[in-house]
Structure formats: C-alpha cells, structure tokens
Amino acid sequence: MGRASWPSHGPADLYCRHTSASLVIQENAAPAVRADLETFFERIAPEDPARYAHNDEGPDDMPAHIRAALIGVNLSIPLLEGRLALGTWQGIYLFEHRRAPHRREIAAHLIGE
Amino acid sequence: MGRASWPSHGPADLYCRHTSASLVIQENAAPAVRADLETFFERIAPEDPARYAHNDEGPDDMPAHIRAALIGVNLSIPLLEGRLALGTWQGIYLFEHRRAPHRREIAAHLIGE
Amino acid sequence: MGRASWPSHGPADLYCRHTSASLVIQENAAPAVRADLETFFERIAPEDPARYAHNDEGPDDMPAHIRAALIGVNLSIPLLEGRLALGTWQGIYLFEHRRAPHRREIAAHLIGE
C-alpha cells in the first residue's frame, strides 16, 4: 500500500506467525519490567522436562508454547489521526520464548479511511 | 457475504461467545502440546473448590473462567492474497475449558478489499 | 463518526492505553467470578517485593504489568446487525490491576458497512 493511501483511522493489526513467540504491549521505559516478566514465566512454566510430554526441541520447547498461548500472537492497535494510539508508557514487543535466536515473521496491515 | 465479494486482504476476526472456552493459536502437529497445555492449566488453576467462591456449575466452573480470561476469546488473523496468514505450525483451536461437552458459537467476519 | 454512518457489520475494537490495566470479557452475572479472578492473580503474581526487580511505584507495580501482559489490552468484538455479538453471559470489563484508582483511557472504533 503506498503512503498516499495510508489510512488515518482504523485498526493496525499485527500478527506473529509462530507458536513460540508472542506480541505484547508492555512498559517501554524500565528494562527491569521485561526481566521480571521473564522471571515470572520461568516460575509458572519452568523448563522442567518432568512436567511435559512434548519435548521435541529441548527443555524450552513446551514452556515456549505455554507462554505463546497465554500472551497471544496478535495485537490490534487503533490508528487515530494517522498515529498509533499507544499510551505514553506503551511499547510493542516481540517476546521470544525460545532460548536460541529465531527468525520471526510478523504480518501487519492497516485498513480504514 | 457471497464468495464473489470475499476480500483478498484484511483482518479475519473470530470471536467466541462464551466465558468458559477460548480461541487460541497453537502448534498443529504434535498432540502432546495440547495435552501439556491442559496439564499446565490444571496446575495453575486447579479444580479445587476450597480456592473459589464461585462454584455454581461445579468444580470446573471457576477454573474455566480463569482460563478464558488468560487465553482470551478473540483472534484477528490477517488475510493476505486470499489466504489466512497462518504460520507453518499454527493451527486455530477452540479450547473447551469445561469438562462436559458444550455447544459453542463462534462469530466470524472478514472485511477488506 | 455520526450515528448516521454507524456501521451494522464489522469489528468493534477496544484498546486500553495502559500497561497496568486490561480489557477482558468475563461472566456478567455472578460478582464472585470477578473476586475469584482477583484471588487467582494474587496467587500467581503476588505483591512480593522479593520477587521483582521493578518496584518503582510500590509492591503492586510489577504484578500489575504481569496481569496486563497475561490478559491483554485489546478486544475485537464483531458488530452484527448493529449490535455487539456478545454471548448471553459475556460482559466487557476494564480490569484495574493497581490498588489505587487510576484514570484510564480506552480508544474505541468501529469500521464496516
């Protein structure tokens, strides 16, 4: 879509095409928030092979699926007067749930007028 | 909407009209992922009447509401060139949180061009 | 948008512009469901300063971010024949995760035809 037809109002949709990474809106200032969020998930969905039947790609495989189910893979953020209606403290994050780096694809589109 | 007017780009929205079932994107290959996900929720939101004030429909009532709040009831998946932009390993699941089978209604719509 | 152009079909999007409050679809009848949901979150993400590095605004700061990440800040509810396609028992709630009252902004829009 050319910039000329960029809408000024409508939903901006982001979609993560994976089952072990998420899209999440979180605090954009203090990095400790993201570290604490990691720690929280390590506590409720730990890398403990005794807990999971699914272990095909290692101990971080099933915890990653659980985190993706909890946080989700899509966001819809309103576009208002040509700008994302993010709050002052909101940032958009791709939350990687696997230990090793992975290439991730995000589909995005804008509709509106 | 007739097939003739089916859009090729836009959001495909799915909405589960219940508070004890969810829509979730998850791994479409290994059934163990779904079993492990069930086990995870039984661990963090167990059927333990001592924990909950709300128990109107039995011990699986409140755990089902908790799971629905955590996972959510709507998905928005981009339609790109006439196809859902699902990743290779992504499947769309209705996640039933009650023990007994229930009839569930999903509202769906497509908009776009 | 004037009432004259109110669409009868399309997504109704709601977006909470904060990182410590959520939008959630939940049971609209029994208040005990909401109390049990609070208790659940106090259990899995308690106000325990020993757990969190981020504590800038007090012991309820980081638990609020965790809850917002888990539940999410946006909802997309289909508009069908001019009405939100909410199920019989569904209500839309702003879930405040901080202890003190806060002023919260929700962006909403409707698109469709």
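Should a chain be cited, it is by its letter among A, B and C, assigned in written order, with residues numbered from 1 in that chain.
Keep this in mind: a contact is a pair of C-beta atoms (placed from the backbone, for glycine too) under 8 Å apart; a residue touches a chain by one contact, two chains touch by 3 or more.
Since this is a predicted model, take the numbers as computed values, not measurements.
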item	value
Same-residue or different-residue interface between chain B and chain C, half as cut-off	different
Magnitude of the superposing rotation for chain A and chain C (Cα, nearest 5°)	120
Whole-Å separation of chain centres (CA-atom averages), chain B against chain C	17
Contacts with 2+ other chains: residues of chain B	11, 44, 70, 72, 76, 111
Chain C-facing residues of chain A, complex	9-11, 24-27, 30, 32-33, 35-37, 39-40, 44, 70-72, 75-78, 80, 85-90, 111-113
Interface residues, chain B side, partner chain C - complex	11, 13, 15-19, 44-45, 51-54, 56, 62, 65-66, 68-70, 72-74, 76, 105, 107-109, 111
